[in-house]
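Starting off with a structure, shown below.
Chain naming follows the written order as A, B and C, and within any one chain the residues start at number 1.
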Amino acid sequence: MFKDRKFEGLEPRFMEKVDLSEVYFMRFRPGEDLFGRMMEVVKENGIKQGVVLSAIGSLCDVSFRDLKTGSDLPLNVDKTNLMEEYGPFELLTLEGNIVPLVGEFGGLKDGDPVIHLHCTLGTAYGSLFGGHLFKATVFTTTEIFLAKVKNSRVKKKQGTVTGLTEMRTDL
Amino acid sequence: MFKDRKFEGLEPRFMEKVDLSEVYFMRFRPGEDLFGRMMEVVKENGIKQGVVLSAIGSLCDVSFRDLKTGSDLPLNVDKTNLMEEYGPFELLTLEGNIVPLVGEFGGLKDGDPVIHLHCTLGTAYGSLFGGHLFKATVFTTTEIFLAKVKNSRVKKKQGTVTGLTEMRTDL
Amino acid sequence: MFKDRKFEGLEPRFMEKVDLSEVYFMRFRPGEDLFGRMMEVVKENGIKQGVVLSAIGSLCDVSFRDLKTGSDLPLNVDKTNLMEEYGPFELLTLEGNIVPLVGEFGGLKDGDPVIHLHCTLGTAYGSLFGGHLFKATVFTTTEIFLAKVKNSRVKKKQGTVTGLTEMRTDL
């Protein structure tokens, strides 16, 4: 798809040696808003950069987006499909990270934590679906190990190549 | 689904700062019972609370359950479907944790480790299925990084709201 | 599937206590070859044994393999199906590890790092597919936490039981 293509204005490459020794173990409870509760945890513990090391449970009332087939860069919301599903679903994987925003993006303001989560959900007969998660309610439980990323300078800012907020360490 | 709903008798909220520095790296071999072998590892190493940090491989003869669409709390086995599949399958994700039980639940007795695993499996043409895993045999290999969760007081006990064993730190 | 079956020539069982405290946090950029870039990271940082702790993003031009239903051991490439897909796809999970090879296997030579990755990908309407990943191009981003596995003696060598390269600590 990108054969011999040059991308003008890409964010610089980076690699950091970080410290994940500070880990928070918690359970979210039935009816709790997954993103709302995670935002509270992030703020209470001064987590600027974070990463989910493990999370399982079950969710209901989920909203997630996936890329339309054949979409090209830069992206915008019209190049994705929104799925809004009732469930409940087994939460098989919840992967992602938290990084502070520089500038504005969508409803987020400068300095806000960008909570970027991808999920895999199990349906009634074992087939799966999922994507970039935007909204979810805890059904029975969500059991989370969240690590603070120490020694990191990573922030996110909207980029011209992808159209999305992208990680960089030069801001 | 839970809009404006009150849950009576929910377990208290908790969040622990834990230490995952003690990590066990192992390979399970063809024909080994995944849960039986994991139980041996847990007992040999005095792991009361544990978490899977990474696991891939392939499995056969798997049994897993998913929630029936529209199921409400509290849950019981009739609100789930059992899938029993032969395979073999690529094991794409194996997420979960180990926490000791308080009281009894199913065939488990007080103090037994509850090994709670969710899996994602790849089928012949790349479509996926999975759920809450109950039984599996290792096909070629299962390569696991399992961390002991130090400084944790988390236990599980059957709760009235969900009907399942739920994490708490007040027991 | 393996009931009462004996496997002659299985690699010995092992379990190591390892140290994952050295973690590298990085972003791969649009158009980058996922395996090529990971190989550079591994070599630049002297990572002999490694494990992916977290990775999300989006990919295009992916190649992955899954096991044909009912395949028996030992495996070879004819017992798998190759999927080559254009995308782009959300990268929902990327699990796996890096271990040095003993002897030769496929195009790999003695001492080469075996980068073993399994992926889960989200398609346009939220259904998923994935398998053992062999080739991928970064679409918007791939955000990776990769740990060096210290205190490990694990290597991989082609085994007679599975036909694949398998982990062992006795070489």
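FYI, contacts are C-beta pairs under 8 Å (C-beta built on N, C-alpha and C of every residue); 3 or more make two chains touch, one makes a residue touch a chain.
Source: prediction; values computed, not measured.
K.L.:
Enter the angle, 0 to 180° in steps of 5, of the rotation superposing CA atoms of chain A on those of chain B.
P.N.:
Rounded to 5 degrees, the superposing rotation is 120 degrees.
K.L.:
List the interface residue numbers of chain A and of chain C, divide the shared ones by all numbers used, and answer same when the ratio is over half, different when under half.
P.N.:
Different-residue interface.
K.L.:
Return the distance between the CA-based centres of chain A and chain C, expressed in whole Å.
P.N.:
About 23 Å separates the centre of chain A from that of chain C.
K.L.:
Spell out, as numbers or ranges, the residues of chain C touching 2 or more other chains.
P.N.:
In chain C, residues 21, 53, 93, 120, 127-128 touch at least two other chains, as defined above.
K.L.:
Name, in rising order, each residue of chain B that touches chain C in their complex.
P.N.:
Spelled out, the residues of chain B in touch with chain C are 21-27, 29-31, 41, 53-56, 58, 60-61, 86-93, 120, 122-128, 137, 139-141, 143, 145.
K.L.:
Quick one: in the complex, what on chain A touches chain C?
P.N.:
1-2, 5, 7, 10-11, 13-21, 51-53, 64, 66-71, 73, 75, 81, 83, 93, 95-97, 116, 118-120, 127-132, 149, 152, 154, 161-162, 164, 166-168
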